[in-house]
Every structure is written in structure tokens, then in C-alpha cells.
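This report concerns only the one structure given below.
Labels run A, B, C and D following the written order; every chain starts at residue 1.
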Amino acid sequence: MQDPLADFSPHGFPLSAKELTAYLETHVFPLEALLSAGRHEELAAGIAEVRQDVKARGAWAPMAPRDVGGLGLPLTTQAHLGAILGRSPLGHHAFGAQAPDAANIELLHAFGTPAQKEQYLRGLVAGELRSCFAMTEPGHAGSNPTEMSTIARRDGDGWVLDGSKWFATSAHGADFCVVMAVTNPTGPVYGRASLFIVPCGTPGFRHVRRVSVMGDEGAGYASHSELAFEGCRVSAEHRLGPEGGGFLLAQARLGPGRVHHCMRWVGVAERCYDIMCARLVSRDIGGGKPLASRQLAQAWVAESRVDIDTSRLLVLDAVRQIEAHGTEGARVPIAAIKLHVARALDRVMDRAVQALGALGMTDDTILAYLYRHERAARIYDGPDEVHMTTIARHELRRFGGAK
Amino acid sequence: MQDPLADFSPHGFPLSAKELTAYLETHVFPLEALLSAGRHEELAAGIAEVRQDVKARGAWAPMAPRDVGGLGLPLTTQAHLGAILGRSPLGHHAFGAQAPDAANIELLHAFGTPAQKEQYLRGLVAGELRSCFAMTEPGHAGSNPTEMSTIARRDGDGWVLDGSKWFATSAHGADFCVVMAVTNPTGPVYGRASLFIVPCGTPGFRHVRRVSVMGDEGAGYASHSELAFEGCRVSAEHRLGPEGGGFLLAQARLGPGRVHHCMRWVGVAERCYDIMCARLVSRDIGGGKPLASRQLAQAWVAESRVDIDTSRLLVLDAVRQIEAHGTEGARVPIAAIKLHVARALDRVMDRAVQALGALGMTDDTILAYLYRHERAARIYDGPDEVHMTTIARHELRRFGGAK
Amino acid sequence: MQDPLADFSPHGFPLSAKELTAYLETHVFPLEALLSAGRHEELAAGIAEVRQDVKARGAWAPMAPRDVGGLGLPLTTQAHLGAILGRSPLGHHAFGAQAPDAANIELLHAFGTPAQKEQYLRGLVAGELRSCFAMTEPGHAGSNPTEMSTIARRDGDGWVLDGSKWFATSAHGADFCVVMAVTNPTGPVYGRASLFIVPCGTPGFRHVRRVSVMGDEGAGYASHSELAFEGCRVSAEHRLGPEGGGFLLAQARLGPGRVHHCMRWVGVAERCYDIMCARLVSRDIGGGKPLASRQLAQAWVAESRVDIDTSRLLVLDAVRQIEAHGTEGARVPIAAIKLHVARALDRVMDRAVQALGALGMTDDTILAYLYRHERAARIYDGPDEVHMTTIARHELRRFGGAK
Amino acid sequence: MQDPLADFSPHGFPLSAKELTAYLETHVFPLEALLSAGRHEELAAGIAEVRQDVKARGAWAPMAPRDVGGLGLPLTTQAHLGAILGRSPLGHHAFGAQAPDAANIELLHAFGTPAQKEQYLRGLVAGELRSCFAMTEPGHAGSNPTEMSTIARRDGDGWVLDGSKWFATSAHGADFCVVMAVTNPTGPVYGRASLFIVPCGTPGFRHVRRVSVMGDEGAGYASHSELAFEGCRVSAEHRLGPEGGGFLLAQARLGPGRVHHCMRWVGVAERCYDIMCARLVSRDIGGGKPLASRQLAQAWVAESRVDIDTSRLLVLDAVRQIEAHGTEGARVPIAAIKLHVARALDRVMDRAVQALGALGMTDDTILAYLYRHERAARIYDGPDEVHMTTIARHELRRFGGAK
């Protein structure tokens, strides 16, 4: 995979891989210090400017379908681009490809009514609206649907929502929220919940707080909120997809969503790797020798290279299998990339911190920000442990089953 | 080691292990939220109150010698106490046992002139003065003495210091600084530097910035600063210890200092373990079963128990060897505890974060603060790699030598 | 722990630690090549000669009680000796301290009738008899008592045994066998089985085969057999301990038994460590530099030193807790040493093989023999996984319980 | 990668992937017990019969070029086949694709004179001759060419060889040996040695011993020998390739050779995985529940699946890079597969042994044979450590270099 950028020029995207990488280095990396320093307003202004420029270059919305204003690129190309954009925590945002909007775009595109698409989808793709997704609840295991306590009960021709959510990424300042709520508490387990679009100004919708994560409350796009739904009423037209289809849609959202996460993590890992390598060759350990001359430092490089390359290849193979067998037929590879890439990223980040020593602990580089925030990779969208069980159960069927 | 507190009642300390633990839970844990939220002034006020109470109970300064106002406890007792105080990032501070003051107290006690003791030592032990220690430099490997660029040159009967330091813990608001500077650039490697006491108001002493570490600038006691010495003149009476004795003194300071660090980390690990275990038994995964019923969660508990118990035993054995053979004769066990305990802590913290899931990422518990700040354990006072080399070189002598 | 032999001179044992180590090197190590080459008859003759000499020196049976002919040493001393004897796979055998005889001696001493002691115990301690222990069954999980299928049914005043056992260590050529068999299939789970002494010539007792383990069938002491009991009748006097007491006695046998195993493994690890270190300093990698000058090799040394020292300290602390709280009260430390020491040994052996390279794969050193046979440490007497669950269940009780 | 066999039908090979797998299970797996039991003559007879059958089916020599009697398959296809054949330690041998003959075939094909090809190559491909390769020496690091002590000095128009070699795989009963010897001790480092073809009956060629490896001396194809060259004279026509070209040729031999090794290891890992999974679903742990229901067992499955899939994908990507950039241009990926796949295999084997428990230690399955013999994967053809350094040095050039 040595220099995978050298021979990659994505069809339908106006920049070559090298150009995109250079663009990020020049236009986006300089804004990162504002992020780790919590200077969110300056950051928002800086990013807004870059976004205008990205639109002007025709590189906007590479993950969105063509018919709603995106570039309509194949999933493999999206994956490659994601690994480049992921080199900065601001990369996806700068190009209109950020979570959770990107996944909400997929949802609305696949399941929205014409009216919903008109009202929410176009503005989302255009970057004029911001959205969030509210599934996880503070008191319950995120990965277990039977534990959800947010309820939506029918009220005339509408629905009234009550309950608490948290880790609603980007909810702060969002225009609307896609919420999962139980609509049939006694139905079959995976048919209990439905999705709703709740505009953030709806009475009964309350933004409780930005949850402080690893020392940062963050703001706007880069924050995670706790939300309350207190007798929050929406009309029937606000249900997204069929009644009882909540988990199914969330699952559909998660399949390619995991490809996007994982490829972004490959990008994060590449960035940490670059920071580490640059330090190893420049750090003098005495006698004119760089830290890179030490064998344990060389081991960090080699093991990280292997971690990153196996990650990238495993994701690309998962894309191949999703395209060949569908999301359902590719459950093992999808779980496998979530497991492997998140862990590989964790190892790469840890080696980079160790390689930088005291400097790695400081916010003088972006590494410390990545180290503490991307630890979440092994937790959200199902922790490692859930994915191990998924893989094992499916694999063991070939041998007669786990139970 | 199961419940090591049950049968430990330290001689010469007014609280039993259980009482001390309970005291921390009641008086100190509640202040921690102020720390992770960066509310430093409220925190300072709260801690000041606790310190008064600790003094009133006769529990103040357990790590300091008796003749200067400390409790004069044996090193083993200090180690045990350190593992309890370490359960809170505020524990040592609350009891007048915090780094870097504790180590500076040892230095001044062993090497200070009567005048230095009078002026700096008593106030330090009494908690009326705060100090810092400035050795590491931004451009150079902290563990390599030949790379130091801060210079102190003779000027009449005094010295003029020029150079940069960083990671001077607690320098913000400190009264004086113990600084290492090169006094003989062409001398034998370990005889090139000397230590100086520099009052923080001295002209030419400049507090450049609190270095932002993992998202926190911190303040006061809980911060790490970059300092500049710009033609900073001190009198001959400000040299601490003999000329050229800098590394020797720093080394003497580091030996028992590592015992203190490592036992504090044992305490940090116990705290994370408690947070993890409490979560595992209370977190429902459906069907009335707690997360603790899952075998992978049980593995976290078992492996963490082993990590902590081996850490504690290894430190206690190192104390035994320091007492039997001196710091120099105990170089292997001292390096071994730094290596093993820092890594064990890292593993325990990581498992605890994974066990808490999304909650573990938030600042709703103290875990996230510990996770990101105590990552430094594997870096400062020599990174893992330096200690591995130290152990190997000494051990291999028994077999004929590494080189 | 650096050179723990230096200051250890066991009370009641005629050789100092250094002398014992030297004795093994001179008299026992030279016989090991016969073991790995499968030259069992020559080996038996050589060992017999050493055993005579050990008896002559008054060093025989250091693990056995004094009243039946052993040295009657305290458990801590036994543990220290075990770590020295364990440096050779022949060490315990040479000194009359080998499994499974040592544990059977404990059983007979604690639970045998005077007649049983007379007939079996004295000869066992004296090394005139050899015994085996048959619990594990080929078709069933060794660690689950409810799965045992060997049955002993009453027949007049005697018992008739039917069933299969395997991994009966040293059964080949043994004089008698201690067998666990179900005597009350519907009783309370841990009261279903009893122990029986079955002389190997009893009709219906059949030695099926020596099970080939990692390429070796072995012979005599150094072998593991499959046994069949086919209508095998013994008199009432052959039951060992109370009816239904099988698991209780086996558990009692396993408690200190685990201390013995673990300390033997510490010895195995020290041996591998010595072989590794000797190689690292003598292996030239060019330019007159030894392999030991490479940092990854130094990491092997340091990490192995930590693995061994933490193992030794954890076992000694478990002994302290067994003596303070009894086997039952020390379940966590007993499980912890089984888990930690077996894994630590595995890591040390693996590093040693890697350090020796091609030579490590060959039988030119004893390392390859240890590497493949001591892999069993993580499996027998309960695999790692069982011990992790045991530790977690007990620990979590402090927090409210795992279930 | 879930069931990669399902959609793979290699062009130019008469069996589909499924058919080949089934063929091995039916015809080759049954012979494996003879291998682990050391019944080499019966084994040889059994394999000979299978080889006839394989030839009759037109599946012979899938790794050899077409013009000398092989199937002439592309490297990617060879890699896929290798992963299937590797499921048995006898697979490659049964199909005429075994090391070291396969690599010697490549050497002779690329560098042999017409006479050498006539005399050695055709017979080797046809399976009528057996060869070995002698490079490693007992006293010297195999990976350092400057340390070689076997000398070939000119003697009239021929050469006289003196020196010792070991780990000459399959030398026992071989017809000829390809030997590396120094021909110009003072030349440039990588130009000092040349290759020679030495028929095994040549005076001065001595087969010293089969080296016992992990308890097995082995025999014939499945053995590793120590060889001595004592004034061993060969004519000028026995030099293979140019004078001084020894290392270059060995390197050329090692490039695709590593692909072959690594894909064979993928097959070994798949076999261990299958044995593990079959055991997990069939092993009852009580209450009618299989071992597979335990979460730690599920972790073994998931982590092994990831280990194997990342291994396969990394090798296939290395093939792509070798084809695109040549062996020299693909040094990083070639080193990366050697590092990653050997380690992944090690982990998979270890988990399988643990999953099988006591059974895994026995030779009742082929697992124990694989566990002890394939440990060599991390050692031969350069140990892990050498490959880490190679990767790091090349990677760090992008950042300015390691030195």
C-alpha cells in the first residue's frame, strides 16, 4: 500500500488524490488549532470559507447521490476519498461529507417522502441545513434495541415523543433531528421503534447540554448533546420510513456508514503515522542520530504500517462484498472492519503519542486531540465486543452453530 | 491482594487505610468535577479548606521528614499511603504530598544549605510555598543529559541563566523553581549541569505559557508550563548542591520519586477499577442481566486485578531493595516498576473506558480525565523504552554484557 | 528481584539456593538431552543415580511432611525451592518432589486411613512407589464436575469402577492410581464424586496408551496416559476420604498444588530467560556487536524480567494469603497466580525462542522441549478462561455481584 | 472474505477451489497422522500414490512454469492455490509445489544454463528429483550475508567448497543441493557469494544429521539437515548464475518465495481455525451449551477471522505490487506480509490450542504438529525483527530518512 495516493485518481472527483491531500494540508490543517483550543467561532468562520471554495471547485458533497446535488461517486471511490478527508478532523466537514449529515442524507434519499426530501434533503446536501441523529440513551446499552425508553405515542394524526437521548452528535445548532422512538413496545423486538424527523424548534424538544467529552464540550458540528423530548408533538408527515421500521432503517444507515467511519479512521491513522514518522526522523537523540535509528521506534513504524494497510484493504474488501451480497450478506466483513480498524487506529495513535513523548501529550500538535476523541471508535456504533460476537455467531453457523 | 486495606493500619499516621479511603471519598472526590470542568478557582478554594482540615487531623505531609514538619514515615508506609491518596488526582495535594513539591522537599532536605532550608524548605512542607522543577526542554530528549541547552554562566559571585524549559509541572503560581542548567559544557557528561533555586519573581524569569495538555491548560498546581530564562541572574547562594551535581541530584530525586509515582498510579488504577466494577454490576444488558455477566467483562476485571496486584507487589519489593541496596543498587527494580506500573495503569484505564462505553468518554465521571492525563505515565521520568534498555543492560551484565 | 538467590538460604534444607542451582546445573541439566531425545531408559538410570545422591545429602522430599519422611518445610520455603528445581524439567523428580506424587502425598497425608498411609504414603515419599491421578476425561470439559462420566457403583462392601480417563500424568509404570469417580449421580453437584486408590494391577484397570503430546509419547514419569476402568473392583478400604468428598479433596489438592505449579513455572521461565540472555550476549550480528545490542532484544529481556519478577512476587503473596485466610479465603490470589504465571511463562518462552532463532526451534537446547510442553500451563488445572471468571465473580461481589 | 472459496475457480487449474479443498480432505488429511507419528516410510508410500493421482488429474506442479512441465499459472492464482494446499502440511508436496524445490525451480528456470536445466530442472518439476537449499550456517545470523563462512575457492576450472550449513530443508535423501558459498571474501558485501549446484553424492559432501526440531528429526522431505562441505570439488559448470551473484539470486528467490510461504501460512491458519470452530460448536460445557456460547471463545473466532482475512488480503495486495513494481519496488509489502502473516498465524494457532484444551496438546489432531513446527514462521527467511527494520527504513525515507 506504500504511497497508495500515487496511482489513485478518482473518477468523477475534480482533484487527484495528491491534490486533495495537498489541499487539506494547505487549507484545512491550519484551522485545526482552533478546534483543539476550543475557539469555535473562529473555526466556524474559517471552515465556512473553505466550504465555499470547495463548492467553487466542484468537489462538494462527494458522498451524496447525484440526483440531490452530490457527486454520485461509487462506494469504493467514496471510501478512498474518506481515507484522505479523514486526515483532518475537519476534512469531511470541509467537503460536505460529515457525519451525521451524510448518513441522514442516505436515509432521506432512500426512505424520505417527496415532501421530506424537498424540505430536508436538498438543504442538507447543499450544506444549508445541519442535522443530528438521536438513538443512544443515557441509561441503556446503545446496542440493545429492547432497552430503548424513548416513546412516541399516537396523538390524533400525529405523534408525541417523550424520552432522553444523548451522544446526539452535532445536535448543537442543528436544524432538525432524526430520532428513534418506540412506537409499539410489545411488538416483535426489531419492529418496536420508528424514526421521526423533529425540527429543533418544535415545542417539547429541549437541548439539555453539550456533553463534555474527554475535556471538551465542543460546539456546533463538533459536539455531542443530551436531548430531552418532553411531550414533543410532530405531525404524521414527520415519521421517516414505515412504522416499526426504525431498527431496519438504522441498520441500513449503519452498513455503509461503517465503511465511511472506518475509512475516515484509516485517514486518522495515516495522519498520526505521518506525525510520528516526521518526529522520528527529526528528533535528535544525541550524537546526530535521530530517534528513528532506534529499533523500538522502527517497530512502531512497521507495525503501524501493517495496521493501516490491513485496515484499508479490509475496508475495500468489505465494500466489494457489500456490492456483491448486500449489507445483510456482508455482516461479517462489516463487523470485521468495525472491529479491526478501530483497534488498529487505537494502536497507531498510542504509538504516535509514545513516539512524540511529552510533545505528544500537548495540544501543540493535533495528535492529542485525536488520541482522546478517537478513542470512541472502539465504542460507538457497537463496541468491539458486540462485533466480535456478531462475527463469531455468523462464522460458527458454517460449523453447526454457536447455540 | 484482595482488599489490601483490610489489614493495613499505618504506624505514625492518624487514619487507618479504610478511614483514609473514606475521607477521600467524602471530602476530595466531590471536588474532582471542578478539576475536569476547569473551574480552577472554586477548586483551589475547596482544596484549601480540605488542607486545613487535614492539618487539623495531624495527617499533613506524610511524605516529608519529621525534622522539617512532616510525619517522617518509613518509605513502605509512604508507598501504601500513596496508593490510597492516588485514588483521586487531588489526593496528594489535599494531604501536602504532591509532586513536584514532595521531591523538592527531599532535595532541599538532603542537599540544601541551612539558609536554603530556612527560606524554602519549611514553607514548602507547611504548604505555604509552592515550587516547580524545570529540567525538560522543548527541543531535546528529556532523558539525555548531553542535550541540555539551558546554560548558567558565572557572573561575578552569581550565575546568569539562559534557556527554555517546559513541562515544569505546577510552575503557574509557584513561588520558586528548581532549575537544571549546564555549568560546564565540556565537562564529563554527567557532571555538566548544576541545580539552581530561582524565585519566580527574579528578573529574567518568564512564565511563557501553561502548555495545553490533552485539551487542558489547567491552572496552578494542576498545570504544566513553558518557562524562559533570559539573562536571569541569581546569587551564588541560589545554587542547590555542589557545582556539577545536577544530574546526580536529579537522579537521587528520581529514585524514591519513582516509588511515589508508581504507588500513585496504583491508586489511579484502583480508582478506575472501582469505577469499572461498579458499572459492570449496575449496567443492565437486557433480561435483568448485568454487563458483569459477560465473559469479556469478566476478563477485564481479572486482568485488571492482576495488573494492579502485580504493580503493588513490585513497587513494595522495589522499596525493600532500595532500603537494602540503595538507589544505585536498585536500578533494575526501580526501572522495572516505572515500566510495569505505567503500562499496567494504561491497560486498566483502557479497559475501564471500554467498560463504561459512551459514558467513559464523557466527563460525567473522572475516568476520562484520568485516561487522557495519566497517559503521560509511560512518557515522563523516562519513557518505557529507556527503562527497558536500563533493565536489559544491567541484567545482561550477569551474562557477560550487552556490548 | 535481581538475583533472588543471593540472599536466600532455606531453613531446614541442606543446600543454599546457590548450591542447589549449581547442583542442578552439574548433575541434572546434563540428563535433559536424554529427555528430549526420548531415550527414556538411559534417562531413568541417570535420574535414579541422582536421586540416591540427593537422599545421601539429606535433600530428599522437600515438599513432603516430616512425619512421613519429608523435610517438612514451610510453604514459602517450598515455593522458593520449587522455583529453583523448576529450572529443569527433571528437577522436581530428582529431589522427590514431582507431580503428581507430591500432591498425592498431601492427599494421603491429610485424608488417608492409617492403613492407606502405611501401604501407600511411606513408599511414595521414599520414592519407592510411583502414583498417578486420574480426573480428566476425554469427552468432557475437565473443569466442569457435572460432566464426569466415570462411575463407581457399590458392589457388596466394595466398589466397581467403569469409565475412561486421560491425561493421567505418570500413569505409565505407576504402582497405583488415585481416581475420581461419580458415586452419587443425582446428589448435589459438588458431592457427586469420590476418590479411590486403585493399584495398577487390579483386574479391569487398563493402561490404554500413552497419549502423544506435542510429538512425544514420553515414558514413565514423563508421560500422560489414557486409562480405562472396565468393571474394575476395589474393596471399601480403597476409597480415599469420605464418600462424596471427591471434588472437595481435589480442590484441597489443587490449592497449594497451584502454588507448586506456579513456582515450578517461575523456574522454567528463569531457565528460558538464562538461555535467552546467554544467547543474546554471545550471538554476533556483525561488526563485533552482539544481538544484545539491539533494542528489540533488550525489550525481550526487560519484559521477561518483569514477567518473572511479578510472577514470583504474586505467588509468594498468594502463599501469605493462603496461610492467613486458608485455601478457600485465598481463591482470588490462587486463581490469579494460575492465570498470570502461566501467561507470563508463555510470553517468556516465546521471546526466548525468537531470540535463539533457528537454534530455538531445534532440540540442541532444552528450550524447544519447554516451549511445546509447557504450553499446557495455560490449560491444565483450569484454563485461563476459568480462572478469569473465578477472579471476576469474587471481585465483583464487593460491588454487588456479577449476576 | 467469508468463504473465499465460494467464488474462486482458478483458470488453468483443473479443480475448483471447493474441489481442491475436498480432494485434500479426502486424500491428504488421512495421511497426516503418519507425519506426526513419525511413520515416514508409510507416509512416503501414501504420498507417492496421491502424487500419481494428482498427475493423472492434470493438477501437478501448479507453481512451475509451463515450458518445463508446470501449469504456468499467474502468481495471484498460485497464491490462492497455496492458501488451499497449505491447509495440510502435506498439501504442497502432494501437488508438486513444495519448498524448497519450488523455489529451486524458479532459480534454475531463471538462471540455469541449458545443461543445468536439462540435468536438474525437468526432473525437479516432474517430481523425479528432490533438492535442497543450503544457506544458513550454525554459527552465524542467517540474515547477515557478511557473516557467511562457507568458502568456495577456485581450483583449476572448478571450485572446492568448505564449510558447514544447517536448516537445509529436505536435504535428507535429496538428489542435489543448491549451496551458497563465499567466492570473493573481500568484495563488495552483497557480491561476495555465489551459488553452486552440488549433487549429494559428490565426494566431500556430507549429510551430518537431521536436526531434531521441536522433538522431531523427521525424514526425507519433512526434515532439516546439517551438512558439511569438506574439500568438496565441483566443476565450473556447477556454478548457478554469475560469480558473485549469490545474494542477488537468493533475494530474487525470496521475493515470490515469501508470497508462497505467506499464502501457505494462510492455509495453515484456516485449517487451525476450522479445527477450533468445529471444536467450539461440539464441545459441551454443561447444560447442553457448547463452548462456542462463551464470549471469550467468540472472541477467538472473531479475532482469528480478522487475522486470516487481513493476511490473505495483504498477500494478494503484495502480489499486485510485485507485478506492478517488481520485487525490488515491492520491498515494503513483501516485508509486511512476512511480518504480519507469520504473527497472525502464531496467534491463530495459539487460540486454537487454547480452544481445544488438553486435546490441543495431543497429537490426536494435527494442530499440535502445526503449533510447534510453524512457530518457525516468525524466524526463517528473516525474523520479525529484520522485517520491521526493513519496513521502517523504507517508509522513513519518505520523511527524510532514518539515519
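We take it that a residue touches a chain if its C-beta (ideal position, glycine included) is under 8 Å from a C-beta of that chain, and two chains touch if they have at least 3 such contacts.
Only a predicted model underlies this, so the values are computations on that prediction, with no experimental measurement involved.
Engineer: Provide the labels of all chains in contact with subunit B and in contact with subunit C.
Structural biologist: Neighbours common to subunit B and subunit C are A, D.
Engineer: Relative to subunit D, which chain's C-alpha centre is the most remote?
Structural biologist: B
Engineer: Name whichever of C-D and B-D has more C-beta pairs touching across its two chains.
Structural biologist: Here the pair linked by more C-beta pairs in contact is C-D.
Engineer: Could you check if the interface between copies subunit A and subunit B is built from the same residues on both sides, meaning over half shared, or from different ones?
Structural biologist: Counting shared over all numbers used gives more than one half: same.
Engineer: When the C-alpha atoms of subunit A and subunit D are each averaged to a single point, how far apart are the two points in Å?
Structural biologist: Each chain reduced to its C-alpha mean, subunit A and subunit D end up 42 Å apart.
Engineer: Distance between subunit C and subunit D based on Cα centroids, please, to the nearest Å.
Structural biologist: Roughly 37 Å, centre to centre.
Engineer: Which integer distance in Å separates the CA centroid of subunit B from that of subunit D?
Structural biologist: 52
Engineer: I need the residues of subunit C touching at least two other chains; which ones are they?
Structural biologist: In subunit C, residues 294-297, 299, 385, 388 touch at least two other chains, as defined above.
Engineer: Spell out the part of subunit A that touches subunit B in their complex, as residue ranges.
Structural biologist: 36-37, 136, 138, 140-142, 144, 146-147, 166-167, 211-216, 283-286, 291, 294, 296-297, 353-354, 357-364, 368-369, 371-372, 375-376, 378-380, 383-385, 388
Engineer: Within their complex, state which residues of subunit D touch subunit A.
Structural biologist: 1-3, 274, 277-278, 280-282, 289-290, 292-293, 295, 297-299, 301-303, 305-306, 309-310, 313-314, 317, 321, 332-333, 335-336, 339-340, 385, 387-396, 398-403
Engineer: For subunit C, which residues count as touching subunit A in their complex?
Structural biologist: Of all residues in subunit C, those touching subunit A are 294-296, 299.
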